[in-house]
Amino acid sequence: MEYLTEIKVRGYHADFYGHVNNARYLEFFEEDRWALLESKIDLKKWAREGLVFLVVNINVNYRAAVPVGETLLVTTRLERIGNKSVVLKQDIFLKRTEELVTDALVTFVIGGKDGAVLMEGDILKEIEKLR
Amino acid sequence: MEYLTEIKVRGYHADFYGHVNNARYLEFFEEDRWALLESKIDLKKWAREGLVFLVVNINVNYRAAVPVGETLLVTTRLERIGNKSVVLKQDIFLKRTEELVTDALVTFVIGGKDGAVLMEGDILKEIEKLR
Amino acid sequence: MEYLTEIKVRGYHADFYGHVNNARYLEFFEEDRWALLESKIDLKKWAREGLVFLVVNINVNYRAAVPVGETLLVTTRLERIGNKSVVLKQDIFLKRTEELVTDALVTFVIGGKDGAVLMEGDILKEIEKLR
Amino acid sequence: MEYLTEIKVRGYHADFYGHVNNARYLEFFEEDRWALLESKIDLKKWAREGLVFLVVNINVNYRAAVPVGETLLVTTRLERIGNKSVVLKQDIFLKRTEELVTDALVTFVIGGKDGAVLMEGDILKEIEKLR
């Protein structure tokens, strides 16, 4: 399995039930999104041009509870490109068994000075690097 | 508007962009779920019977960026009851304008000693109190 | 007891041990610092003048473990004013028993365009309102 | 520099000011404490014997603001052993310049069934491995 992000689950990631907390998974996904983005796209150039990533929807399935001490692997791939939006598929696996424990579809737009930009031209080329 | 949870947005709720972070909204939703649950259901009795709430899906729309200094209102209502699952609808409004800024469908099951319990009998009666 | 901040301890505040996590207490303290500051000082005016609060030291005692379900009260008072720094004393009590569970000395400076400003003149007057 | 923990600073680590948030540093320190502890001590054996690490004081200096995009290194070493307590020294450096940005003294006790255990015998031997 190819992945950019590996996370050892610590006590502070868990909640009352001793399992990774729901909100914390969103940080794990965010970590891997940035790792992917910065490996493929010149984010400083985007920032200079006033382009920002705006997440507009996250649809996340919590499939299995993960206890402290396990190690997680996070993966991200391009799912589809819409007119003005992009959908990423993100998966979190238990490293020990490769069991899928959490997965999400994350939809974002690229905000520019006049709102969400169209997925065409240079922007589209950059986004297609995420495949 | 009826609500149980009011949150003043502070600097530590925001991220790099100066807006409430995506993961933080899940804590705001969780806060209001517990506020609702404890107002309607005897959670200590449930805990004694080994019943736990397990969130299996969250589908969240981020509709508007919220800056530090605003006040948010969080509401939760029962959306539908399935065979073994329950869906809550949660909304977050800007207090100042009542604009809907974030909303989510949160699906949970009730875990018992033999897995997710059926929505029938006493359990169903308790869940229906969430209407 | 006079206080501005009351917090019901939820599952997501706790860690693996089922108690409020060490890092989370810093958010509780931060919550009450802002509640105090905004009740006494015109923070928007300070922001316009480019003045920012910079915490330079936190010395926190964890005196008792707090389980989920308890309610906490947070208080903040001015401890002392130095040449360029201010020390606040912050306490967190169990509401049920008024037991002191966590307390901290928080030292901050006011950053201006030429570094930390001296505690004199108008700034000093503003800070003295925190007594 | 020898270290176990390297952290790329992301947008979700920062707060309103665009810098790593005070509370977040405590998670970075906690991450490295566990990395050190599990590299030196049989934590599962300790758990079976009912021994837990209880942090009783954290004294943290925030020396420089760290913006998103920087990489941090976290180190932990044994500072001193008391009668019933242990003090760790933890430092966070900017990887790029090796500048010390945050440091802390973290005092913990080992909780057993009759309260904090004495630093003697087998326990002391284990703790001395942290040097």
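By letter and in written order, the chains are A, B, C and D; residue numbering begins at 1 in each of them.
Throughout what follows, a contact is a pair of C-beta atoms (placed from the backbone, for glycine too) under 8 Å apart; a residue touches a chain by one contact, two chains touch by 3 or more.
Everything quoted here is computed from the prediction, not taken from an experiment.
The chain with its CA mean position farthest from that of chain C is A. Simply put, of A-D and B-D, more C-beta pairs touch at B-D.
If you average the CA atoms of chain A and of chain D, the two centres end up 28 Å from each other. Our note on geometry: chain B versus chain D, Cα centroid distance of 34 Å, whole angstroms. Across the assembly, chain D contributes residues 10-12, 17, 22-23, 27, 30 that each touch 2 or more other chains. The part of chain A that touches chain D in the complex is made up of residues 8, 10-12, 27, 30-31, 34-35. For chain B in complex with chain A, the touching residues are 17, 22-24, 26-27, 30, 52, 54-63, 65. Per the touch definition, chain C reaches chain A in the complex via residues 10-12, 14-18, 21-23, 68.
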